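One chain, chain A, links the two complexes that follow: it is found with chain B in the first and with chain C in the second.
Let's look at the complex of A and B:
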């Protein structure tokens, strides 16, 4: 029986590994961090949109399925340094602090995922300059009871609970200025979800969302959007955040209320940047090591987006999940299962 | 009753009492034209107008609204694209010129619209249609300044002052005693010369410039 190499221990990689192992294949899972769960674990995602169920409910069973399966060998804190050979005979060098080993594989699954966009480059938003300008990933960590603030939303500058909160949509996505003209596909629903969570926890607070379009295309997303407006009185303003300044020691944002045709200056206590998705370092590294094709934004390019969405430009190397482009957790799990099926059928031939 | 309505107009006065006859229509347009968009697109700097997705980053961060009420690049673009020529002329023709070219909008635009140039192009488009009436002082000065540079390649202070006053119809003001005294002082101290120097062979350059600016 051939062994399959899975690169990346995020949602997609975990699902692909456990599905392949259940089909009887031996799997070697290589993860660069010392924990499994990818971005979900890294940023301590608390609740998932649109059902507001705990992220742990979804991710923990997938992690357990991998850890409890004897067919899966997990290398944490490791990376794939070199790969040689062609399908179905690959030789991969796996490196970690203890040394390196070379193993043979029949197929390779790349599930290296994404990284949150770093908003430092959007200088006008003052991320890194103003302490109270935070990213949505940081808010996720804060809202998690296991996080740094024990589940309380606190201003990083003084530890107070903010009263007026503004959320900027599309930071680092739909933006040619930073080279990411694509939609991040999750920012809208994540911000709506976070706004609801904040309002639920602090009913006195006011949450304002500055958006260009609310793209609520997923299951139950549009309903969540309606709920945010009707039940939680979250104010959605059509206008992209233009800049953040400090006025009388308070954060002040500027935007245009495009429906009124007038610019506005709005003083708030905290600004959350809905940072989009960018191709992760792991994805770029994997593409270099394996020599597979990337698109203009660093994401991996399938052989054919419609016909063979999980095959890379090289035979025997498969791609899945958010390394192909922005994707939500629900679809990453689907991708993980899909790529497992594809690998199994290719190894049979 | 409806079929008889046309008989209810006597001497141009409506007598039927249908409400809509008393109220001005709220319908903005029945026909849209992209004629103006096409025109602005072809002007220098106007081509990126098509990229705009109306997010408001430009007008949100614009330097001007603190000083010039209602200056709004996003709206100018919107009006041109939708063909609202009347609104553009009636409400915005004096605004589009006020841009100070700080380029904040251009640097921030997430779609790569060269907003400052587009606003200039819209101003040029309006100028070409001759919607501006009498020139203001600074516009007149700008025009004379440019003419002089193209014609002579340099600025002759006496000539430019004379042309400026005559263009704005204030020659009398120029001949007032304090102005003449000031002019004399400047002349004797060497600040201005009665006949500015000439640039050799400027005619050729001038001709080329005129061709280029056609």
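Let's look at the complex of A and C:
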């Protein structure tokens, strides 16, 4: 039986590994961090949209399915340094602090995922300059009882609970200025979910969402958006957050209320940037090591988006999940299972 | 289908885009790089100093050029586009990398050429005269609270003692100790500049909007002409000598 190399221990890589192992294949899973779970674990995602169920309910079983399967060998804190050979005879060099080993594989699955867009480059938003301008990932950590603030939303500047909160959509997405003209696909629903969580926890707070379009295409997303407006009185303003300044020690934002056709200034206590998805360092590194094609934005390019969505530009190397482009957790799990099936059928031939 | 049953919306857009001004603007080399569709996000308006104080919206400029309605375009060329301060904030913030400022610049040039600009530019007569006769466009004594609300209260406060400030700031530079122009250039420099206006055709262009200013400049040049020709010949001789 051939061994499959899976690169990346996030949701997609975990699901692919456990599915392959259940089919009887040996799997070697390589993860660069010293924990499994990818971005979900890294940023301590608390609740998932649209059901507001705990992220742990979803990610823990996926991790356990890998850890409890003896067909899977997990290398944490490791990376794939070099790959040689062709399908179905690959040789991969796996490196970590203890040294390096070379192993043979029949197929390779790349599930290196995404990274949250770093909003520092959007200088006009003041991220990194103003302490109370935070990212949506930082808010996830704060809202998680196991996080740095024990589940409380606190202003980084003074530890106070903010009363007026603005959320900026599309930070680093739909933006040619930063080279990411694509939609991040999750910002809308994550912002709406976070706004509801904040209103649930702090009913006296005011939450404003600055958006261009609300792209609520997923299961139950549109309903969540309706609930946010009707039940939680979250205020959605159509206009992109344009600039953040500090006025009398308070954050002041500029936007245009494009429905009312007027430019506005708005003083708030905290601004949450719904930072989008960018191709992660791991994805770029994997593309270089394996010599597989990337698109204009650094994501991996399938051999054919419609016909062979999980095959890379090279035979025997498969791709899945958010390393192909922005993707939510639900779809990453589907992708993990899909790539496992594709690998299994290719190894049979 | 009879004439009455045609969809009026479709018909309007189709015929509007064939408009003369629309076509002239679209021909400009800047437009291709300045308009990539519009998300209607309002970033440009939120950052625009002109939109904050005047009746102007860079978002409307982009929308207008996408829709191509000839009447709206003409109305804009006569009025609103002249409120843009050409700071290019819209260009450097637009997530689509549009540049309303570049579109406006193209529209202004065409408006002048097509004779749509007279009324809008009437208020700039003083500035145009200063440029053509003194070589600089703004003078400290043109600062008034009514004319420049966007410059803020601090600037207005300072404007009451501008002569004292200038004398203090520019000690030993008498050319700078003036408030009726930004600085006093030499007669020869002014004459040279006016000759450039004249020979490049710029003066003629100015004449389409401010015909009387052309006379003022020509009178100004005639007064100095004999004296300046001597100077020009002196300089030419000097240049020739240095070449040998």
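Please note the rule applied: the second predicted complex is superposed on the first by the 349 of 349 C-alpha atoms of A that agree within 3 Å, B and C clash if a C-alpha of one lies under 4 Å from a C-alpha of the other, contacts with A are read in each partner's own complex, and residues count from 1 in each chain.
As a convention for this text, a residue touches a chain if its C-beta (ideal position, glycine included) is under 8 Å from a C-beta of that chain, and two chains touch if they have at least 3 such contacts.
This structure is a prediction, so every number in the text was calculated from the model and none was measured.
Colleague: After the overlay on chain A, what do you see for chain B versus chain C, clash or fit?
Modeller: With chain A aligned, chain B runs into chain C, so clash.
Colleague: Looking at A:73, would you say it contacts chain B, chain C, both, or neither? Reply first, second, both or neither.
Modeller: A:73 sits against neither chain B nor chain C.
Colleague: If you stack the two complexes on chain A, which partner ends up touching A:314: first (chain B), second (chain C), both, or neither?
Modeller: So A:314 meets neither chain B nor chain C here.
Colleague: I'd like to know which partner A:176 touches here: chain B for first, chain C for second, both or neither.
Modeller: So A:176 meets both chain B and chain C here.
Colleague: Now for A:256: first (chain B), second (chain C), both, or neither, which partner does it touch?
Modeller: After superposition on chain A, A:256 lies in contact with both partners, chain B and chain C.
Colleague: Please indicate which partner A:242 is in contact with in the superposed arrangement: first for chain B, second for chain C, both, or neither.
Modeller: Both chain B and chain C are touched by A:242.
Colleague: Could you look at A:212 and tell me whether it touches chain B, chain C, both or neither (first, second, both, neither)?
Modeller: A:212 sits against chain B and chain C alike.
Colleague: Where on chain A do the contacts with chain B and the contacts with chain C coincide?
Modeller: In chain A, residues 124, 170, 174-177, 212, 238-240, 242-243, 254-258, 261, 263-264 are touched by chain B and also by chain C.
Colleague: What residues of chain C sit close enough to touch chain A in their complex?
Modeller: On the chain C side, the touching residues are 36, 39-48, 51-52, 57, 59, 92-97.
Colleague: Give every residue of chain A touching chain B within the complex, in rising order.
Modeller: So the residues of chain A in touch with chain B come to 124, 170, 174-177, 212, 238-243, 254-258, 261-264.
Colleague: Touching chain C in the complex: which residues of chain A?
Modeller: Checking each residue of chain A against chain C gives 124, 170, 174-177, 212-213, 238-240, 242-243, 254-258, 261, 263-264.
Colleague: Which residues of chain B touch chain A once you look at their complex with the stated criterion?
Modeller: 53-62, 65, 70, 72, 74-75, 107-112
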